[in-house]
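Look at the two complexes coming up: chain A is in both, with chain B in one and chain C in the other.
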Partner chain A sequence: MSHNPDINDELARRALGPGAAVANAAAGNAEPSSSVRRVLLNPLVVVGLTILSAIGALALLAPLLTPGDPLSIAGPARLWPGEIAAFPLGTDALGRNVLAGVLHGARASIFVGLSATLLGVVIGILIGAVAGYFGGWVDDLIVRFIEIFQTIPSFVLLVVLVAFSGPSLLTVILGIALVSWDVIARLTRSEFRRLSAQDFVSAARVVGYDHSHIIRHEILPNAAPALIVTGSIMVASALLMEAALSFMGLGDPNLVSWGSMIGSGRELLRTHWYLTAIPGGFIVVSVLALNLLGDGLNDVLNPRHGAAGQIS
Partner chain B sequence: MSAPLLSVRDLTVDYASVRRQGRAVDGVSFDIAPGEAVALVGESGCGKSTTALALLRLLPDSTRIGGSIVFDGQNINGLDEKALRQLRGRRIGMVFQEPMTSLNPVQRIGHQIAEVLRVHTNLGSCARRARVLELLHQVAIPDPTRNIRAFPHELSGGQRQRVVIAMAIAMNPDLLIADEPTTALDSAIQAQILELLDRLRRELGMALLLISHDLPLVEQWSDRVIVVHHGQVMEELPSQQLFAQSQHAYTRGLINASVRLHDDLHYTNGRLVEVAANVDPSGDHSFTLTRPPLPASAPALTPSPCDTSLLSVSNISVQYGERRVVDDLSLRLGRGETLGLVGESGCGKSTLSRTIVGLLRPSAGSIRLNGQDILNSDAAARRALRRRVQMVFQDPYASLNPRHRIGELLGNILAFHGERDPIQRQGEVFKVLDQVGLPRSAAYRWPHEFSGGQRQRIGIARALILQPELILLDEPVSALDVSVQAQILNLLADLKATHGLSYIFISHDLAIVRYFSDRVAVMHAGRIVEENDARTLLLAPTHAQTRRLIEAAH
Partner chain C sequence: MTQSRRIFRSLLRNFLQAIPTIFIIVTLGFFMLQLAPGDAADFMAAEAGSATAETMAQLRSAFGLDLPLLSQLGSYYAGLANFSLGHSLRYGMPVSELIMQRLPGTITLMAAAIVLAVSLGLLAGTVMGMRPGRWPDRILSVLSLLFYSVPAFWIGLMLIVFFSIRLGWLPTGGGYTLGAKLSGLDWFVDRARHLALPALSLALYYVAIYARLVRASVIEAKSQDHVRTAIAKGMGRYRLIRVHILRSALGPITAMVGMHVAGILGGAVVIETVFSWPGMGRLAYEAILSREYTVLLGILIVSALLVIAMNAIFDIVQSLLDPRVAVR
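So, the complex of A and B:
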């Protein structure tokens, strides 16, 4: 990176010290502004983000575009898309508006995907950081614990968890977080192990920083790119897990989601295939967009893939 | 001189990739006669390695190469990939700096050497094995019949480099290019490897192109030296004349900036010469040499007597698992004193320094600072004591967190230690940047925007900002170029005088230790085997290990 052009802005904006560092960490992570620019210039990221923001906007506007309860009967049953202008995507076996279902379903799917991932990432980072940073018997213990989760087929565990505690939005989110934190925990652990051995961490210890300061301000910002990349892929898998649960009837019964729409359209697959194809298409496009985003972020952010976050 | 084996004329190399752009080699011309040893010498980034890679056309495709490279009558610059493969490995061998990365870690070394023979010859497997054994014998690998089955990690660094050399000479090449072949090795091993290269050159009648940053080394091991800077040849002269009769200002600067063992220079009686390159608007480089004056208030020449010792380390042992790395070691350091700590790699000197700054905990013994026990005091007292002991690390790239601006990097330290006022912190940061000779604007920049020397200044600023009494310098200049070394050593000497600092200076380079230390301790196998004032120790060593180190340094 060349000399920072807006150094005067920076001068005015940034006081020296931890206040600034905290503000920085809150804004994402403390990294050169140019990497944000590089992320936004990556074509994969641009395509992924465009699709996701379009779906996100539709989800946000759902109550305006299709007011009322998407689960209530709105018209004649089994209308094909375009058959009546009021139901551009048709109606299902009970006469519910498919468009309303897809839009409101997006809200549920995205909400579950994001919050389950967020929860899983937070749990994973906490546990992985402790294991990777402190090492020794703590590390051994945590690694064994992670291995338990890795050896159990995660979807089976998820089904058991949700079925046992009764399907609701909360249990679905908790369940997905509980079966997906181990991925991020392993990654965090290995990143922390690698980074802890570096001289700048030794230097931080020599100037007297305590463990919590070193973990939060020295190591985490350097591990962040890899974690962000994995996090974006995890959203996609959370979304798929939610869809699978709802398909099996283990989603929140009071909410429509893409998975539950596929589940209820399944019986009419031969005669009215659009009832499964439309929500299915939304799932495919969302997951694809999330994967594109993840790949793009990986190209730009992951220091182990050549075009590093830091080039000296 | 007979017809040259290799003749390079007006070689230019331009990088045009995303990562690197611009001219790296700018009109370099030289000849190498058959059997001759020629050295390309210069500092990092001067284009010497790029030149070597250009000779074998090993540069990325985006690179543009101009000029002519004529090897044995053939212009390499015009050859296709197939003809190049015939040259590489067969007529021209190459040895790189880091032996571990040039060897495949999961293959036995015998197999890797045989692979070269398999590609270039049609020898049967028995004949290949015989040749591999012969080569291992030639490069003096002990017990070839056993070590032919060794994996790279089972060999020492020096032995690995011998294996790489065996691969390079397997086809009896006419030219061997060795790019910093000993930089990653201990000084005692360095001499052995260079001796080996020299012997092979004479036995096999091959020419050697030695690429190095080390002037004394090339003086000893080559016939002719070519001094390179910013991609241009500064001077070309016979090696024996390098130190005595070089004319060019840049060469003189490098020579004066480097310390040699028999120089009678000490930090108390003179600073090192700094060479500065100036580029005038027309793009020409000129060089100025300056020897900075000693600070007006010269430091007390004799450090305080031992009864007022600043640091006293008594009978400490440090263990990694079963292995005892530091073994019942004691040392004292007077206030204002610089103690040089030398020893081969693996002797425990880095472990000792990490124990003193508190990164490692000894299994036995005590460490006292100003008479206070650091290890057994309560947490608050320990934190207060720890501030008084700081450290400068060897690698200026790995020791700065890439995600903090310099202002944060330094300011956070003050904030953590209770300085709440941001204005006050900023003032302190600016002050310490002034002290280490960096512009104040450095506070707003990221670590990767700085050169190695500048980064080491930042590392020194980090050590200084808590106003310590003792700084451990763990090979602080060994990763730096000679001219930058001189600047950093001068800076450290000045800081010592103005702040009344004490140093423990760890280095494998005896000449620098001799210049920079008041007293020198020699470490071997976790113990201090000899300790004396710098000059006496080097003139009259008593311990065999000290003599070995001195011999290797010559």
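So, the complex of A and C:
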């Protein structure tokens, strides 16, 4: 179709079209609707998404299911689950409703997990894209910087950052994002290096598109599958980090989260272990669902890397 | 290149890499320190119950808290060059001394967790990989996915409920039995009993990862020609696993452990607060409560040094296990 008068647009369309994707997507099958269908047919993805939507629904409905402040005293203290029908999961040392805590805690944990990951992914993509696309000394410098970041024990850094800046929702989110961007930056860099050497990117260069267009419209969509897989695992580790932080008393003091419930339930571990077990169970189920989702996405979107790819 | 020369080069490389790392941490940490609400003088005043403005000013000038920011940073660098991490007001001793008291505890916990994770991972991964798809493989796969998702501090608390409170087999926390004057084997058993639960809680997450890794490398090793030849020639099962299969799995697992050292240290910080284990993590927790920010900064610096040192050791172990791996 090179006789088309508007040759630039035609070439660009081809660079974006299915043919370009076939060149690098090992799956070969590049129609977007079919890859979405393959994702949704994967049993791991189905199980993971089902659990996550159930927890998400509970979190959204928390103000309706258990109205009022979950930190306020609702009834007699230290009721075991099922002892009184009004408190199906019991009450804690002060008489706060455990069910309300768990549901409202889901909101805090999910919000922190998602926003910290989103922020970390954006920072990581920006830095990794610059390194991988431009190469040269910029790349050397950024790689060195990422290497340094990886020798710093990230959880210790996170504890120090949050303790120094005062625990609040914002500092916890910023802190988690700041210690997790390096994973996505490394991945983005290697994907960008691989992809910018490919023909469809050269074609886009020949057409005369600028760097920002090539990065955003040519390379990024093709790097997306790998980034999505890693992103879903990052949400899981952000959840775990948030839980550990608030367990240590470094969460937002005005919010109830699963980790802070474990932290306060721990005082009664000897006699009322359910106060620790219940919120922890919710963490395990959520993280498990995210890991299942990540494994499933990895199987479908990333067949080249194999199952071990997401762990390393 | 001779062995010792390679080891030297590796150590040198790790050492050179440590310098910018420490520089960045110190600078970052120092400026973060300025964000912290209140300083040590505020805290001491709060502890004493009351303080006049003059006493506060006196405290600040005694600790150099009233100097300009850059000169405080300069004196912190100068102190570091003399291996001084500052002074802890609450404990009344140098921070470096405080941390050195706790460092062995953290290293012991990490080493025990690593040994446990690698050996359980090798065991589970071999069982899984030798007969993939059979029921032991399926059960262990589900277990490893589960352990991969459980927060270490929570599994620690659950282990306490089960083994310490219900069964009464193991102590709930601490590093050793207080007041007991033990020696020889009794001393060792006492330490090991206190170490068991924290090390296990810290290890389980990594057991899950290593089991999956070993499973994959066992399956791959089994399909290789020299292993198939050995099977065809009737080599015994255990010898086969030991000589051919595990040897090829050890390289990747060592590399992986090296990458995980920073994460294991982070996990140890939380686990130590769960089990009141006398290490740096417990110290960090106490420092947060008493707002001893210089102690926290010191812990961050020593943690990074510890990770760099352990990485250097794993680089060397890896090159000894597999001479083809060039020392990075």
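One rule holds for everything that comes next: the second predicted complex is superposed on the first by the 272 of 312 C-alpha atoms of A that agree within 3 Å, B and C clash if a C-alpha of one lies under 4 Å from a C-alpha of the other, contacts with A are read in each partner's own complex, and residues count from 1 in each chain.
Everything that follows uses one rule, which is that contacts are C-beta pairs under 8 Å (C-beta built on N, C-alpha and C of every residue); 3 or more make two chains touch, one makes a residue touch a chain.
A quick note: this is a predicted structure, and the numbers were derived from the prediction, not measured.
In the overlay built on the shared chain, the residue A:A203 is in contact with chain B alone; chain C does not reach it. When both complexes are overlaid on chain A, the residue A:M248 reaches chain C alone and has no touch with chain B. By the document's definition of touching, of the two partners only chain B reaches A:N222; chain C does not. By the touch criterion stated above, A:H211 is placed in contact with neither chain B nor chain C.
By the touch criterion defined above, A:A277 lies against chain C but remains apart from chain B after alignment on the C-alpha atoms of chain A.
In the superposed model, A:R37 lies in contact with neither chain B nor chain C. Of the two partner chains placed around the shared chain by superposition, chain C is the only one that A:V160 touches, whereas chain B remains out of contact.
When the two complexes are superposed on chain A, the residues of chain A that touch both chain B and chain C are 307, 311-312.
Against chain A, in their complex, chain C makes its touches with residues 17-18, 20-21, 24-25, 29, 32-33, 35-37, 145-146, 148-154, 157-158, 160-161, 165, 209, 212-213, 216, 256, 259, 262-263, 265-267, 269-270, 273-274, 284-285, 288-289, 293, 296-297, 299-300, 303-304, 307-308, 311. Interface residues of chain A facing chain B in the complex, by the touch rule stated above, are 1, 3-4, 7, 10-11, 14-21, 29-32, 198-200, 202-209, 213, 217-218, 221-222, 307, 309-312.
By the touch rule above, chain B contacts chain A in their complex via residues 18-19, 354, 357-359, 383, 386-387, 389-391, 393-395, 397-405, 407-408, 410-417, 419, 422, 425-426, 429, 441, 443-446, 448-449, 459, 462-463, 466. Note for the complex: chain A touches chain C at residues 144, 147-148, 150-161, 163-166, 236, 240, 243-244, 247-250, 262, 266, 269-270, 273, 276-277, 280, 283-284, 287-288, 290-292, 306-308, 311-312.
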